[in-house]
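Note that chain A is present in both complexes that follow, paired respectively with chain B and with chain C.
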Partner chain A sequence: MRERFLTGYNDFVLPFMIGMIFILSYCAIGLIRILKQLPKDDRRRFFISLVTPKTIVKNIRDIFCDCLLHVKIWKRNKLLGYMHSSIAFGWFMLIVIGHIEVFLYVPHRAKLFYYPIFFRYFVAETETTMKGAFFFFLMDFFLLLVLSGIFLAMFKRIRSRMFGMRRTTNPSFLDLIGLYSLWAIFPLRLLAEGFTADISGGSFLTKSLNHILNSFLSDHTNMLPAWWAYSCALGIFFVVLPFTRYMHIPTEILLIPLRNAGIKIRNARKGFAKAQVYSCPSCGLCIDACPMGVMKTHIKDTTVYLNRQLRRNNERRIEEISDKCLLCGKCTAICPVGVEGDKLRIAQRSMRKYAVNPDYSGIDTALLPVSPGLADPSVAADDKVLYFAGCMTALTPSISKAMESILVKAGVGYEFMDKEGGLCCGRPMMMAGRLDQARQMVEKNTEIIRRSGAKTLLLSCPICYRIFKEEYRLEGIEVVHHTVYIRRLIASGRLKVGKTGLSYVFHDPCELGRGCGIYDEPREVLLAAGNLVEASKNRKESICCGGSLGSITLGFDKRKSMTENALSNLTVASPDVIVTACPLCRSTFTRYADRPVEDIAETIDRNV
Partner chain B sequence: MDFGFKISPSSAVNLDNVDLSLYDRLHEVEPDIAKCIACGSCSASCPAGRFSGMSMRKVILDLQRGRQKEAVKMLSGCMLCGKCLMVCPRGINTRHLILAICKLYGED
Partner chain C sequence: MKENILIIGGGIAGLEAASQLLKLGYNPIIVERSGRLGGHVADWNRLFPDMTPAEEVVSRLVAGASEANIFLNTEISFINRLKDSYNVMLSNGVSIITKIMLFATGFSLFDASKKEEYGYGVYNQVMTNSDLERWFNTGHDCRITEEGPSAMGFVHCVGSRDEKARNSQCSKVCCITAVKQAIEMKQKFPDAMIYCFYMDLRMFGKKFEDFYISAQRDYGIRFIRGRVSEVSENIEGKLVVKAEDTLSGRPVKVTLDLLVLMSGIVCDHQTCRTAGMLSLPLDSDGFLKSRDNIADITASPKEGIFYAGACTGPKTVPETLAEARSAALEIHNHIISLSEELNSNSEGQ
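Then we have the complex of A and B:
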């Protein structure tokens, strides 16, 4: 390779350089701002994680898998995965190989920023460059890879269903400019390199293009406009990037180390929350996932639009969107970049100021004695199980009765914490964003549990279970959900369950499945009692029953279609009984179901 | 002079003298409040009732009659657990109603 120009410069690099300098300085300022907004201990934790070998490896692996290869999207849909990874990985490789070429052939130009990008314009092929044929081939190969991705991206705008997406996001005006400039970059690159293929050399793509369109491409007076256009497309893309959804590309690289450092959302708008909002690629996967999507009017209330409004600081819409959500967490579970839609919304709610602030510190816990269980008092000594039914179970007493009956049959000595009524666990208050009030309840309940001297806290409500696991400080006490506990009783042989011919479908309650990661235990329990069929969407993707306490503004009448949608999803394999493990799901489903709905405790109690 | 009994103060509410502007705003935020039939299902199921005398039924009635102080005092015992939401035969979104009251009405 030899250089064609002594100066190693042409004016057409300017648009690219302006865009590049702008985006780099914008990202640097953004990075410093987000790090400054983090609370002090979080920032320390982040810096420590950056030098811990274990997290370094995890960061590199995650960035490679998520940002370049898009493994999560591959798992979702092959075509969508290919589209993303071909563009991201292909572009990345073009940049890397471009730099390698510069280092190999014109090392003295390595300090020039634009040189690797416009390498083929500045150099000419010589006799000895057959060695470079390998790199030429790689460059053309990756360019073809990116072009195939771009072609799929164009196709996706017409037929998103081919990519497993029923609905996609409505792009904003700037998004469209970013999108079109991104689409233009690579065809323009091909054209520009096609012009220079007879000077600088090329491979199967650029060289062939040069041969085929010889009459046009061999005319070197047309060369500069093509390179100008290529540079302009890059420049426009970089300049609009901070104001479009493509900001997720640089932000995600920050979000992954922050997440791996174990940082949580502490402020609704600053620090980690901001990193999440800017990491949202507006892909719209959450639109199809959202259980509210059955009603068209709710489509604009999905997480992708929350992120957009948060970026625009549209307070009215932010409040509307964050109050309506059911907090089922499905958008969080399927999000390929890890935006926590439910936690972001709780954080928005926690910003509200209220004129009336409930205070529970005056409640005397002595008024809330623990009731003795129904079991034979002689067995009560060793187990020390404390059963907390919770508010929702109190409304569906068949569950607590079945649970008590199971405990008696298994010979477990237990005490009943709220037989005569008790305090709320605090989770509904926390979902409403009133964290201080929730914490007061947590303290009161902790006091009662500690005083009872229990070793195991048994819960039949996943809403309670989640907050007991996440927020309560109950060292030395095992917090266990009744699905897990029943499975343990069956496995240890204390509970003998007879199998019937009935087929069951298990509905994964949001708080139990996505909230606490319990999917297998209830299924194992049900397998002991009968046949198990699966819903069309289950486990991580199970559909919220619609009764969730997460939503503040969603009225009773608006929830019906969601419940019916969830029911039709559950009954595709026509099970005899719908089984769930949440009192709230149970009563919501019972309202509209065409077949029996019961709690897992009731099913097992019947078959013991 | 103490006779060992007394006449209880009048509990009559003169609706002509009551300022219901806050109630009207509340009604705008959560129109469900007008749906209440005062059946008392919410109060019967309320777990906070035994500590604070919280009764959603009374809160709604009090607000409609302009007795804000009593309503707000009662409301400060609510734990927002959502049981009232589940038992309400009229499908009133009680949790939103409670939060809206907490936002609109001051404690004075």
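Then we have the complex of A and C:
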């Protein structure tokens, strides 16, 4: 290889350089701002994680798998996965190999930013090219990879269904400019390198192009315009990038180490929340996932639009979108970059100002005594169980009755925490963003639980279970959901369950499944009682029943179609009984279901 | 020739319409799915506001319709549309050709076990308004002891005016029924403490207001404005009812021996199925949709099909009877216009 120009410079690199300098400085400023916005202890934790070997490895692996290979999207849809990873990984390899070429052949130019990008313009082939054939081949191969991805991206604009997406986002004007400039970059690169293939050398793609279109490409007067166009496309892309969805490319590289450092959203708009909002690639996977999506009118209330409005600071829409959501967490579960739609919304809600702020810290917990259980005290085990039914179970008394009956049959010594009235667990207040009030309730309940001397806290409501697990400090006390507890009783032989010929389908309640990751125990319990069939969307992808406490502004007429949709998803395998493990899901489904809906405690109690 | 008129439902609306149509010289055919006539009213003991025995009302109506063709334990299997009439196939194998059909299908009582927080079907001491009337009639119900409850409550609007229960309409008669039943219970058990938990009291009918005042003044029944939030059982097996007294703005908690749920009036599922065979539209409240809710309540949007009684919405007994008579007259006018049309057509030829 030898250099064609002594200066190693041409004016066409200017658009690229302007774009590059702009985007690099923008990202640097953004990075510093986000880090400054983090609370002090979070920032400390972040820096420590950056030098901890374990998190370093995890960061590198996550960045490689998520940002370049898009493993999560691959798992969802192969074609969609290929499209993303071919563009991201292909482009990354083009940059890496470009740099290697510069280091190998013209090391004294390595300090020039643009040189690896426009390498083929600045060099000419010599007899040493054979050494370069390997790299030329790789360069052409990865360019082809990227081009195939771009082609799929164009095709996806027309038929997103092919990629497993029923609906996709409506791009904004700047998004479109970013999109078209991104699409233009690689065909223009191919054209530009096609012009120089007979000078600088090339491989199967560029060389062949040069041969086929010889009459046009051999005319070197057309060469410069092609390189200018390539550089301009790059420049435009970099300049609009911060204002488009493509900002997710640099932001995600920051989000991954922040997440791995264990940082949580503490401020609705700053720090980690901001990193999440800018990491949203606007892919629109959450649109199909959102249970509100059964109604077309609610498409713009999904997380992808929340992120867009947060970037635009459109307060009215932010309020609307955050308020309507049922917080089922499905968008969070399927998001390929890990934007936490539910937590972002709770954070927005926490910014609200209320005229009345009730204070629960004055409640006297001595007035809320624990009631004795029904079990025979002589069989009571040493490690006492405290059963907390919660408000929703109080409204569905057959669940608490069944649960008590199971405890009696298994000979478990227990006490009933809220039989004669109790306090709310605090989760609804938490969901409403009223964190102070929630904390007061948490403290009061902690007092009651500690005083009872119980070793196990049993819950039949996953809404309660989640907050007891996440927010309560109950060291030394095991917090257990009744699905898990019943499974344990069956496994240890304390509960003998007879098998019926009925087929059951299990509905994964949002707070139990996505919220706490409990999927297998309830299914194992049901298998002991009968046949188990699966819903078409289950486990992590389970559809919210529509009764959630997450929203108080979503009307019943709207929820109705969501419930019906969730029911039709559950009944695809025509089960005899729909079983769930949440009192709220159960009463919501009972309203519209065409077959019996039960809580898992009722099913088991009947078959013992 | 005597014109066949198919009346679906042998409740008070169907019986009254049949007796009027008989008087007008037609041939009414009543199809009733249960084994006896009189519908819901036949299950009731006494009717407000004069405590008229329900049996009296029903037997008078049955006597009036005795000349009609009556099929008990019979349902409609399917309906075929002919050129200008309908061929109705009954479950007993009889097929009827008729130009006129009258829906007197009535209503269903809301299934109180769907409001699980009130504990119907979960706790032994919870019953519905219709269970209580049955007890008035038969004197047998394990939920009511010999000596009677020392404290009991009535919950108004169970499954009415309740979006969560999928019924936003007012059932119209439960307020006054609760007052009536409360008085009757107080008459039987003078020492019992009786509470009514209500949202509003809608005392719209003749003498209803007097009845309500008397319940408070003469019988000492306690009216608490506020919905019941939940019902639970204490260790002695008594019911603990939690509600909010919205007048004093305080939560209340009472311990009761018996709780009566005033199940509301909801559209009958079977009626919707039959209406579906004829593609009759349903109104937004789930009941059959009249041609006009003010001027034409007894007419359906389809020629030759008429409505009477609670199939178009909750109604009191006198309202239902008045509507049945009005439907009979509508049918009469319709038949006359049909024959006039026929005559003018044949003259034209």
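Everything that follows uses one rule, which is that the second predicted complex is superposed on the first by the 607 of 608 C-alpha atoms of A that agree within 3 Å, B and C clash if a C-alpha of one lies under 4 Å from a C-alpha of the other, contacts with A are read in each partner's own complex, and residues count from 1 in each chain.
Quick note on the criterion: contacts are C-beta pairs under 8 Å (C-beta built on N, C-alpha and C of every residue); 3 or more make two chains touch, one makes a residue touch a chain.
Please read these numbers as outputs of a predicted model, since none were measured by experiment.
When both complexes are superposed on chain A, chain B and chain C occupy overlapping space and clash. When the two complexes are overlaid on their common chain A, residue A:Lys419 makes contact with chain C while staying clear of chain B. Look at A:Ile363: by the touch rule set out above, it reaches chain B but stays clear of chain C.
By the touch criterion stated above, A:Pro428 is placed in contact with chain B alone, chain C being left untouched. Contacts of A:Thr590 after superposition on the shared chain: chain C is touched, whereas chain B is not.
Touch criterion not met for A:Asn260: it reaches neither chain B nor chain C. Applying the stated contact rule after C-alpha superposition, one finds that A:Phe556 touches each of chain B and chain C.
More residues of chain A are in touch with B than with the other of chain B and chain C. Look at A:Ala355: by the touch rule set out above, it reaches chain B but stays clear of chain C.
In the superposition on chain A, A:Leu395 makes contact with both chain B and chain C. Shared contact residues on chain A (touching chain B in one structure, chain C in the other): 394-395, 421, 556, 587.
Chain C meets chain A in the complex at residues 114, 116-117, 119, 121-123, 163-166, 229-235, 242, 253. Residues 371, 394-398, 401, 419-421, 556, 560, 587, 590-592 of chain A touch chain C in their complex. Interface residues of chain B facing chain A in the complex, by the touch rule stated above, are 32, 45, 47-48, 50-51, 72, 75-83, 85-88, 91-93, 95-96, 99, 101-107.
Those residues of chain A lying in contact with chain B across their complex are 323, 352-360, 363, 367, 391-392, 394-395, 421-424, 426, 428-429, 432, 434, 437, 441, 547, 549, 552-557, 584, 587.
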